[in-house]
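These notes open a run of structures that come right after.
Two complexes follow with chain A in common, the first pairing it with chain B and the second with chain C.
Up next, the complex of A and B:
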């Protein structure tokens, strides 16, 4: 009797878990495992079935110049976007949190980039960067600078992507900082003021440490986002010219769906996942010790 | 010099006036309590003294200097916030020396003062603990330590004991008062607890709706309340206030047995008598009906009814009361206070009639 009952309880439990579990397994865990397995096999065709090749795909990857270029691009892209967008987000949040006329309007303005669909945003920026008639060249033209093909020049294309991404990300991160700032009791600032602490001193010794949990969260998101970018590339550059603006995820997409080399795409995906996991774990371990959680 | 002077200070937010033309002086080295019901403007007044709130009208003077427009840091004031306002990520020691670090006090001096202050408030064992890991009473002492380590002559406290249990509150009252006297600090202390005010203050400033109702030493407020509000606010339980009417031989209590209690007319007046000044006698007093009794240990508060009006009587020891018991109440004529019913003001030129025991 009690055995049957407890069995029944178990069945209910599993039934309740099932919908979420099915989706997680079907769309997260199964693909991850399948990708990992796939990366150890050669790419099969109708004539040559796929066979186990061990680390052959990884060896190929290490010899692939485009891979190294894309990895370097992604490194610079991450370095260019993460610190700047996080710092900007913090700065804007502190500013918008203060007493400011039309505060609601300013907050909304900063959040707009996050709400807009990325394809639309990329189209707007495509116009900004258009040679001669685009906004950037028009403004620079007023100072007598000659027109420039911003997205067509391998030297400037990555920079253009970085600027646009910072513009988009910092508004999003600002919302998290703003929420954290609003939860700080105002008496802390008053107490510091009475002691004669200046705004910068208070920020450095109190606000910033208390915002650390938010910073960690934002940092991890920023890192993941910087490796996840594809939608802009479709509209703006398609990774060009000469892979100058190609990033890891877009390269994986190309390998899989333009070159139809699924095994190699799987290999690249595994590497991307590994890099992200290592970075995220590293951030947790290093920063966690210095964070004060309330 | 650390006198604080408020001259006609007013604070308004849009249409709401939180503090209305308040003037008072806090003498150097004295302990002044701002007392009043919730929302009467105590915190706002304190925050204006600290400079955390701008003043709509009037002047604030500290040590004779007009500081109305000075920032908080220039006023040489320490403050204990109602919510303590400790920095949760810093340990107790860092919280206490926060201000010293801001002012770049040398490390040796800092350590010396920290040790002394920690000793004073009994926190020496806890210096390494994070502020977020302390009990309410410990946090309160950290807040206090942070306020006194600056050795500022003036300390403002906003209901610092309101979150503590009765015993700890009692102990801390004594500690704060002792500390203030030992260090010769000028303290402005906010509370809505009249017994706290009575036991600690050199001077009580009673506020109501943003105005000063009465200011004076605790015994002054207790013995000569200037109006019915003070009479009804000071004392536990507060003073009984009974409506009077004209009678053939003098003023009588409305609804009572017709015994005169006051010479002359009674219409438009109220009689005030403290529960502890009323005695129950076997006969000869004012006839009353007992309604209820609250036993408090050392004494009992008996609620009695005279006609339609109720009043409370403090009786020593235990006093069981059956509902509806008849009793006779007696008081000495000196114990009687008289107020105008309309304005609530105290009337001094009326003579109470002695009760034949």
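Up next, the complex of A and C:
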């Protein structure tokens, strides 16, 4: 009897899983596997069918100067956006969690950039960064600084993108920190006060460790976003000048839809997926040990 | 993930096409689907819908579905995705420079293989030759010009007067452009530039502007077969040196790259006295300029020159003979002189054939608004827009080289030499 019964339970379980599984397989796992397979084939056209080429696409990638430049850019972009936006988010969350006048308004103000679509944001910032007539140059001009071609200078363009992304992102992360802060029991703070702990000490030894699960979540999101967010490039720079602001995903888009080299795009996608997987696993393994879950 | 996106897109298109096929029981009617992109502002979709409705009234046996499909890039992606899904449209307006890509994908059929009567054959020769350059290769005509433009020079006449220049004599040569530019630059007490002499955009479509400069230096960028580029020819290097020099040596243009999207605003705010831009901006500038402005042909060095730009009609290969005939009929209808004139006035695009400018409507319009004729007059000096096999890659090589030179990371000859070498590698297998 137990055999038939357990069989029934199994079927029941699989049926429950099926709707989600179908969508996951159709839209996540199958495309992933197909992309991996595709990266071992040459790009096919109607006149030149695609053939198996083994690792040739990967070899090509290693010799591709643009790929390395884009990878370097993405590294600096991640390094520039992640720590700053997370730190800023935490700071803003602590600030608007306290008692201050018009708290709701301030919270909303911090959250506004998140609500705006990236394309709209990029269009606004495009005019901020415009040489001479843009907001940035107008403000700097009041202090006598000469106009600068922010997006046209390979030395400043990536920095400009980083600043804009931090502005856009930190409000979003702030919401998570704010929610986490509000779930902390107030007794802890009262107890700490009785013990005579300073505010900084309390933050460092109590609040921050208790926020670690949120920090992990936010960090993973920030890392993924630093590879995933490229909408602004379409508007701001198209990856230029001379690839100085090109990021990996945008390059994949170019290769796939401007160059129509699907095989090479698949190769780059595999690399992007691998990098993201390694980072995510690393974060879980390393940070998990230091996180106190209640 | 793009794979997934594309498959989904193709799937959706397939499903939609199938649903349509089942829904329509009327077999007698020829049904055409036409994709078309819109790359400039304005209510162009309404204009197209109006033209198509007129066509169906005249031809009750043909049902046309005109599908707006985003910008040029989107249109190409949609058309190719539908093709792979086995349910392509019958005709489409796409970027004129997509021709080699579409031939390589075996997606389109040459018009020479469709036309039957002598009258139809004669029709193929009714267009401006410069506009046909991007539609012909291998001795055949693959694209018929529809929404086409060139680069023109917009200049601020008030600024010309302010600088003591004759507002009716815009610079006609490279030397004049540099010299007049110097006079047009206005600085404040602390030496900061308040108004630049000239701006040539170098993001978005740098290769397009560069095509104008090289043509003016009597050098084309590629051969007719689309398998050879001339990026490192002395004429091309000289053109890039001049472009770089406008900022670096003459100080009439800001150094670094100049943003395509904000350039019009720069001109309207009188931050620059001259800009080079597409004719497609004419209507907007006309509406918004708070000063007296003029439009002129681009200046010459060894000769005048500009590349053409914009979209052509293509007919897809996966079509029945009836559909091809119907598609040809539609294209001929849309390119009649009167329709072409109407299209040109409503959009700012060029009238694609000389007899369009002979129609009364367009004659009157040009008389009232002379800048509308500048692009036409310039056609005499126009050449094809950069278009080769592997066109996306080759174009990007050139774009990167131009930007590298303008931002000072490489010298013009170094940047163009490297781009040429890589373009050779890409194009070798097409020779």
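The definition used in the following text is that the second predicted complex is superposed on the first by the 274 of 294 C-alpha atoms of A that agree within 3 Å, B and C clash if a C-alpha of one lies under 4 Å from a C-alpha of the other, contacts with A are read in each partner's own complex, and residues count from 1 in each chain.
Everything below uses one rule, namely that a contact is a pair of C-beta atoms (placed from the backbone, for glycine too) under 8 Å apart; a residue touches a chain by one contact, two chains touch by 3 or more.
The model shown is predicted, which means the values in this text are computed figures rather than measured ones.
**Q** Would you mind checking whether chain B and chain C clash or fit side by side on chain A after the superposition?
**A** fit
**Q** Does chain A have more residues touched by chain B or by chain C?
**A** C
**Q** Applying the document's definition of touch, where does A:214 land relative to chain B and chain C: first, second, both, or neither?
**A** neither
**Q** Between chain B (first) and chain C (second), which, if any, makes contact with A:191: first, second, both or neither?
**A** In the superposition, A:191 contacts chain B only.
**Q** Under the stated touch criterion, which partner chain does A:165 make contact with: chain B (first), chain C (second), both, or neither?
**A** Touch status of A:165: no partner.
**Q** Is A:149 contacted by the first partner chain B, the second partner chain C, both or neither?
**A** After superposition on chain A, A:149 lies in contact with chain C alone.
**Q** How many degrees, to the nearest 10, separate the directions from chain A's C-alpha centre towards those of chain B and chain C?
**A** Between chain B and chain C, as viewed from chain A: 150 degrees.
**Q** Using the touch definition from the top, say if A:201 reaches chain B (first), chain C (second), both or neither.
**A** A:201 contacts chain B only, not chain C.
**Q** Using the superposition on chain A described above, determine whether A:74 touches chain B (first), chain C (second), both, or neither.
**A** neither
**Q** Just how close are chain B and chain C at their nearest CA atoms in the overlay, in Å?
**A** 40
**Q** Would you pull the chain A residues touching chain B in the complex into a rising list?
**A** Within the complex, chain A contacts chain B at residues 185, 187-188, 190-197, 201, 205-206, 209-210, 292, 294.
**Q** Can you list the chain C residues touching chain A in their complex?
**A** Touch residues, chain C against chain A: 1-4, 6-8, 73, 77, 80, 101, 104-107, 190, 192-194, 202-204, 254-259, 261-262, 265-266, 269, 271, 390, 392-393, 396, 399-401, 403-404, 406-407, 409.
**Q** Within their complex, state which residues of chain B touch chain A.
**A** So the residues of chain B touching chain A come out as 50, 52, 71-73, 77-79, 81, 83, 85, 87-90, 98-99, 102-103, 130, 132, 146, 150.
**Q** Over in the complex, which chain A residues touch chain C? Could you list them?
**A** Residues in contact with chain C: 27, 31, 34-35, 38, 45-48, 66, 126-127, 130-134, 141, 144, 146-147, 149, 151-154, 235, 237-238, 240-244, 252-254, 256-262, 265-266, 269.
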